[in-house]
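Read from first to last, the chains carry the letters A, B, C and D; within each, the first residue is number 1.
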Amino acid sequence: MPFWCVESTVGDPFGSSVMDKITSLEACDILCDAKSKGLIDFTSTHDDDIVTWDPANPMDDQDPSSECYKTIRALKEKMDKVGLKMKMVTCSLHGNTVFRNGGLTNPDPDIRVLAAQKVMRTLRIGNFFGAEYFTYWVARDGYECQFAVPWDRAYKYLEAGLNLATRYIKENKLSIKYCTIEPKPNEPRGEMFLATTGHALGLISRLEDPSMWGVNPELLQHEGMTNLSATNAAGMAIHAGKMPFLHVGNQKAGQFDNDSPILTGMDGLKEMISVLWILEKLDWKGHIEFDNHVLRTDAAPGSANSIQVRKDFIKFNVESYRMAEKKAEDLAANKDLNTLRAAMLDKSSPMLKALESYDLKALQEAKIDYKKVNEAPVSNANIDYAFNKALLGM
Amino acid sequence: MPFWCVESTVGDPFGSSVMDKITSLEACDILCDAKSKGLIDFTSTHDDDIVTWDPANPMDDQDPSSECYKTIRALKEKMDKVGLKMKMVTCSLHGNTVFRNGGLTNPDPDIRVLAAQKVMRTLRIGNFFGAEYFTYWVARDGYECQFAVPWDRAYKYLEAGLNLATRYIKENKLSIKYCTIEPKPNEPRGEMFLATTGHALGLISRLEDPSMWGVNPELLQHEGMTNLSATNAAGMAIHAGKMPFLHVGNQKAGQFDNDSPILTGMDGLKEMISVLWILEKLDWKGHIEFDNHVLRTDAAPGSANSIQVRKDFIKFNVESYRMAEKKAEDLAANKDLNTLRAAMLDKSSPMLKALESYDLKALQEAKIDYKKVNEAPVSNANIDYAFNKALLGM
Amino acid sequence: MPFWCVESTVGDPFGSSVMDKITSLEACDILCDAKSKGLIDFTSTHDDDIVTWDPANPMDDQDPSSECYKTIRALKEKMDKVGLKMKMVTCSLHGNTVFRNGGLTNPDPDIRVLAAQKVMRTLRIGNFFGAEYFTYWVARDGYECQFAVPWDRAYKYLEAGLNLATRYIKENKLSIKYCTIEPKPNEPRGEMFLATTGHALGLISRLEDPSMWGVNPELLQHEGMTNLSATNAAGMAIHAGKMPFLHVGNQKAGQFDNDSPILTGMDGLKEMISVLWILEKLDWKGHIEFDNHVLRTDAAPGSANSIQVRKDFIKFNVESYRMAEKKAEDLAANKDLNTLRAAMLDKSSPMLKALESYDLKALQEAKIDYKKVNEAPVSNANIDYAFNKALLGM
Amino acid sequence: MPFWCVESTVGDPFGSSVMDKITSLEACDILCDAKSKGLIDFTSTHDDDIVTWDPANPMDDQDPSSECYKTIRALKEKMDKVGLKMKMVTCSLHGNTVFRNGGLTNPDPDIRVLAAQKVMRTLRIGNFFGAEYFTYWVARDGYECQFAVPWDRAYKYLEAGLNLATRYIKENKLSIKYCTIEPKPNEPRGEMFLATTGHALGLISRLEDPSMWGVNPELLQHEGMTNLSATNAAGMAIHAGKMPFLHVGNQKAGQFDNDSPILTGMDGLKEMISVLWILEKLDWKGHIEFDNHVLRTDAAPGSANSIQVRKDFIKFNVESYRMAEKKAEDLAANKDLNTLRAAMLDKSSPMLKALESYDLKALQEAKIDYKKVNEAPVSNANIDYAFNKALLGM
C-alpha cells in the first residue's frame, strides 16, 4: 500500500478535497499499523509523498540540517520498527506545476534538467530506504496538440530520461535492482507517449540496458481506460519475463482513471479474478501493490474521520484483494476446470515436434484431414461457463 | 490499392453483400486500369484474394496443371504489361472457417500446421510476384474467453509462427526483404494478442530476427478503434525505424472497424493530415497503402455497377488521399508554422550538452531558475490554432 | 429465443458463415423442441427470418397460393402443437440491400414506401401469430457522413414511420398491443438516430400515441458498446413504465456488437446480475428475450453439427441465464444485504414530507446541521463489498 | 463566457492549480473587458462562482448586511456599465463536499433539503441579475456502485428536484423563462442518471411542465466522452424544439472530460464545424456559450500571468469560435454544396403525399420498381468529399 494512496484527499476536477490532509509521518503511522496487523508487507512512495521537492535544494536529502534528511530518517525508524519495507520509489513529475508540459520529454531543456535532478534525488531517497524498484509512470509525458510535439526528438528525450536513471543507479551502486514503466493511455495529458503495456515493452527494447527494465501495468485501470484487456497485459508482460509487480484497482471501462478500490464498482469481478488466476497458472513470483484510493463519496471531512477512514480504506482493500485471490487460487486448483481446459488446449498431434523445431519440410509435407478438423466443434463457451459457475460459487 | 479492397462486396453482419462478386482477374483489370491512369503504383494481396487455398493441395502454386499456377501467371502478365508491382503479400488466416479459433495461435496443433502451410504457400506466391514485404495481421489470433487461453503458450505460438515465416524466406531466398505486423485491438476476435502498434513493437524484440520485422499500423482505423492516437502510432514506429509502410482509411473513434475511405466520415481530417505531416517532418521514406472499402451505402448491386463502382472507389480514394497529402505538404513547408514551432520546441540552453551526454555530475549541479521557468507561459494552443487556420485554408 | 438467433450462421466481416443454413421450418422444430423440454416459453421473429420478403408481392401473406401463406401456417401449426407463442415481431429493414442507406429514414421516398409496405406486412404476419409486440430496432436508420443527412427531416421521417405502424395496428385491430424501440449507438451504420435507451425515451414523447410505445434495451450489448451502463438503461426505462421486455446477451464494453451468449466472455457477470437484481427489486413484470448467437469459434460447419450446435446453443443460453437469475433472486432476497442497503438508503428525516409535497416554504426555512451531515461518512463501497461476497458465493 | 471558465485555476487530479485564484470581482472585470472589446455578449455563472454558499445562511442573498448581498450588487453594477448580460445561472451541487454522494438525488433527505435551499438561492440570484435560463447539469447525481442505488426512487428524486425549481420560479415570478438539463455520461461520478442528450429529452417528458425544460448539450465534450456524436445530439434536440443554447469546447473522443478550448486538440474540426453548419441549416435561433478552460499546459502561475492568461484565453476562444462559425456559414451558403445535397436528399416521388398523410391504402398499393431503386447508386461519400474540400479550403 503506497504512501500516495493513503495520503490522498480525494479531490476531483469538480470538487475540492474531501479528506483533511495528513503529514507523511501520520501516513507512515497508518501504514505501520497496517503492517502490524498483518494487512500489508511493504509500501512504495513518490519523493513528494514523503519529502516535498525544493528545486532550490535538489540535494537536500544529503544535507543533515534539512527537513528532508530528518524526515526520511524518522520515517525509516518507524518502518524498521515494524518491519515495513519500502519496495519501490517513483519520482513525481506530475504534481509540481513546472512539469505541466512534460517531465522527461518537456521541450524546455531547463525543465528536463529539473526532471533529471528530481529523478536522481528520488533514486537516492529510494536507496536510503533500500528500495528494490524504481518506477517511471508516464505522468505528463504526452500531448494534447500533435502539431506542438517535436516528433523527431520526443522518444529520444524519453529514452534519454530512462537511460539516465539506470546510469545513475549503476554509477552510484544504489539499492535499486530493476526499473519499471507504468503506461497509461491518457489523463492527465490528452495522449501519452507510452499508452499501454505493449508500448512500454516496445520502448524497453530500445533502451541502453533492456535487462534493467520491465513494466508494471495498473490493472484494471490503465488498460481498461481504452477498453483494452487486463488479461492480455498481464499475459504478454509475464511471457516477456518483464512484470516484477503490478498495480491493482478497479475501473469502469472507457472512462477517466477511476482508481477505485479493487473489485469495487460496476463490474470487473471476472476480469480481475482472471488476472490473478493467470498469475497462479503461470506460477508468477512477483508482488502485488495497491494503486487506488477511497471512493470520494465514502471519504469524509473532519479530523475524527481523517485517520479512521484511511485505516478502513487499507483494510477494505486488503480484504477485497484477499477475496479475489482466494477465488483465483480456487479456480487454479480446481481439477474439473483444469481437466476441461486440458481437453481443449492440450490436444496431442504427431506434428507437435515439427512445429516446435521449425521443421519446415515436415510441416510442408504434412497431410492434415481438413474436413475433420474443420467440422470438429470446440467450445470456449463451455469452459467459460464452468468458470462462471465456479466464480459465482454455484 | 490491394486486391481485397477492390474485391470487397461490402456485406456486413447485418446484411448481405451489396456488390456482385468479381474474379481476381477482373479485379486485376481494374487495378491495371488504375495504374495506367496514374492513380496507383503498386498493389498487395492475400493469397485467397487471388487464388483460393485448397487445404488438400497446399503446394498447388508449384503444380503447372493447377488453377492456382495458371491464375498467378495470368495475373502477373496483366500486371507486368502496365508495370503494376505486387508490393506485399499477406496470408489470410481469417477467411477460412478452419481458423475460426485462431491461426498461428490455434490451440489445435493440426490447425497450426495448416496455418504454417498456408503461410508458406503465400510466401512462395509473394516470391513469384517479386513482393518485397510479407505482412502478418492479427486476424483471429485472440480470444473472447480468457479462461480458454493457454497463457503459458499463446505468445510462444505467435512467435513461432512469425519465426517460421522468416526462416522460410531465408532458407528459400525469397524476394521478401522485410515483414510487418499489422496490429488490431479487437474484431473479429474479442481481444487480440497484439492490440496496438506498441504491442507489435514489444513482440518484435523477442523474435529470432528483429531486424526482419516492423509494423504497419492501419490509420486511423486500428488505433482509433480503442480511442488511441494515430499520431502516436506513427511517431513511435518511425522513431523505432520500423514502419516501412502504413495502411490508411478513416474511422469514427471507439467503434467497430469502419474501414471507410480516407477522410470520409464524421471526423478525422485533422488527425489524418497530421499523420501525413509527421511523415513529411520526419522525412519518412516508406509507402502508403489504402486499406478500406467503399461505403456500403454507396455500393450498388447489378452488373452495370460491378466494375464502375469499384473504379470510382479507387479514384475517390486516391483523390481524397492526394488532397490530404497536399495539405500535409503545405503545412510542413509553411515557414510561419515552422517558426512558431521552433520558438517553442528549439529552446537553447547551456545544459543541452549535459543532457545529451548524460553528464550526471553537470546535471546534478546545474542551477536552474525554477521561478523563471515555472512562470514562463508556453502555448501549445497557439500552435494548434495556427495549424487549424492553415488546415481550414483561412 | 428468437428465430434469428437460431438461424444465424455466424459469419462476420472477416469470414464467411461457419454454420450451414437452415430453413425456418427447421428452426421452428429446434424451437419447439426447446419448448417441449421446458427451456423456453415463447419466440420472436423478423419477417424475413420466416418468410422472405418479395418486394413485387408485398401482400403475399394474404394470398393462399403463396409460399409465404403456406409457410406461416405450417410454422403456426408446429408452434401451436407445443404451445410455443410468437411474442414479438419485428421488420427487417437491414438485411435487404435496398435499405442500405436507411429504412424508415431513407432519403429516397420510394424506398420509404417499400419500408412502409414491409412494416405493414410484418404487422399482419405478427397478427396472424397473435403477437403482442412489434419492435422497431434502429437497423440502418443512421449515417456515416453528417453532411449527407437531411437534418430538417430525418427525425420527422422516423416519427412518421413509427406513427404509421401504430395507425396500421389500430385501423386493422391487430393483435399487437404495444410497440418498442430497440436503440443502438452504431453498427451497421456509423451513427444511429436513436443511440441509447435515453434517445428512444426522448423520441417516444413526440409520437402520436406515446402510450403505445416503450423501449427494449439490449443488455449488456447496445449500451455497453459505447461504455454506457446497462443498470442505468433498465432503471430509467422501468421508472418510466416503458420496458415491457428486454433483450439479453453479453458484451465487452467499447467494442463492436458482440452478441455473445449471456455471461459469456471477458467480463459482465456483475453487471448482468445487477440488472436482473434491479428487475427483482422493482418487481418488474416484463419478460426476457435472448438476443445473441453462438460464439463463432464454437460453431461448426457440416450437417452433423447443423442442428445439434443450435440446440446446444439454446440450452447453454438458458442455463447461463438461469444461473444469473438464481443469483439475482438470492441477492434480492438476502436479508443482510437488504438491511445494509436500508441503513444507508432509507434514512428518515422530518423533512421527508416537505420534500415530497414540494413545501417550498418549509424547505426554505429548514435548519439542517451542515457539519453533522457533511462529516457523516457513508459507505457505498461496503454495500458493494457485501454484494461482491454474495456474488462470488464466499 | 461563464464566470467558472475564467476563474478556473486548472488543477487536475494529478497536479495542483497552475493559476493563481482570482475573486469574482476580478473575474467580472475580465469579462467586462471582453464585452467592451466586442468579444462576448453575455455570461453565466454558478452561485458559488460569484458568492460562496454558506449553508448556515441560505437566504444571505436577501440580507443587506451580507457579503453575498453586497457582492452581487457590485458585480451587477460592473456588468450594467458595459451592458454585459447574465444569461444563465446554474447551481453548483458538485463543489461542496456535502454533495459528494449526490445533490438532488442524494439518498440522505437532509442533504436533498440543502440542495433544494441552494437551488432556490441560485434562482433568486439569477432573478436578481435578470437571467433568462436556469441550468441543471448532472453534477454528482449518479453512482459508482449499482447495488447502493435506490432504484425505486432515484429518478423520482431527480424529477422532484427539477419540478421544485420550476415551481419556485413560477410561484415567485422570477426572471427565468426556461430551464435546461446538461447531460453527461460520467465524471465526476462513475455513471450519471442522465448520460446523454437523449436521456435528458426522455426525462423531460415526465416532468410536471415539460414546456419549461430543454437541453443544453456540451459539444463536443459530453457526447464525445462515450464516442457518441455531437451532430446527432444537436440534430435531435433542435428537432424537438428543445435546445435554447449549447455549450462548446473540444474533446478527444472516449476520454475524460477534456474541456479544451473550441477546435483545440487532436481532432474535432470537422465535427464541430458540422454542428455549427447544422445550426445554420436549421435556422437555429439559440445562443452559444463557451464551456471550457485554458489548456493546463498553457496556464502559468504568478500574479503577472493571473489576469493576462485569462484575458488571452477568452480572446483565443472567441477567435477560434469565429473561425469555425465563418467556415460553417460558408458551407451553408455554398450553392454547389447545396445543389449536391439536394440532388440526393430532395428526390421527388408521386408517393410523397401518401407518406406525409399516412395514406395507408395508397402506400400498401403502391408499385415501386424495386430493381431500379435497388440498383441506383447513391453517394454519401461524394457529398462528404465536397464538404471536405470546402472545409480544407482547397
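Please note the rule applied: a contact is a pair of C-beta atoms (placed from the backbone, for glycine too) under 8 Å apart; a residue touches a chain by one contact, two chains touch by 3 or more.
All of these numbers come straight from a predicted model, not from anything done at the bench.
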In terms of residue-numbered contact pairs, which of B-C, A-C or C-D coincides with A-D for over half of them? B-C
Please work out which of B-D and A-B is bridged by more C-beta pairs in contact, and write that pair. A-B
Starting from the mean Cα coordinates of chain A and chain B, work out the distance between those two points in Å. 31
Starting from the mean Cα coordinates of chain B and chain D, work out the distance between those two points in Å. 39
Any chance you could list the residues of chain B touching two or more other chains? 97, 101, 144-146, 191, 226-227, 229, 231, 252, 254-255, 264-266, 271, 274, 295, 297, 299, 301, 374, 378, 380-381, 384
Sort out for me which residues of chain C touch chain D in the complex. 55-56, 58-59, 97-98, 101, 107-114, 116-117, 120, 143-156, 160, 163-164, 167-168, 171, 183, 185, 191, 193-206, 210, 226-229, 231-232, 235-236, 238-240, 254, 271, 274, 277-278, 281-282, 331, 337, 341, 344-345, 347-349, 351-352, 354-356, 358, 360, 363-364, 366, 368-370, 373-374, 378, 380-381, 383-384, 387
Residue set of chain B touching chain D in the complex reads 226-227, 229, 231, 252-255, 261, 263-271, 274, 294-295, 297-302, 304-305, 309, 316, 319-320, 323, 326-327, 371, 374-382, 384-385, 388-389, 391-394
Residues on chain A engaged by chain D in the complex (per definition of touch): 11-18, 94-97, 99-101, 139-140, 144-146, 186-188, 190-191, 226-227, 252, 254-258, 260, 264-266, 295-297, 299, 301
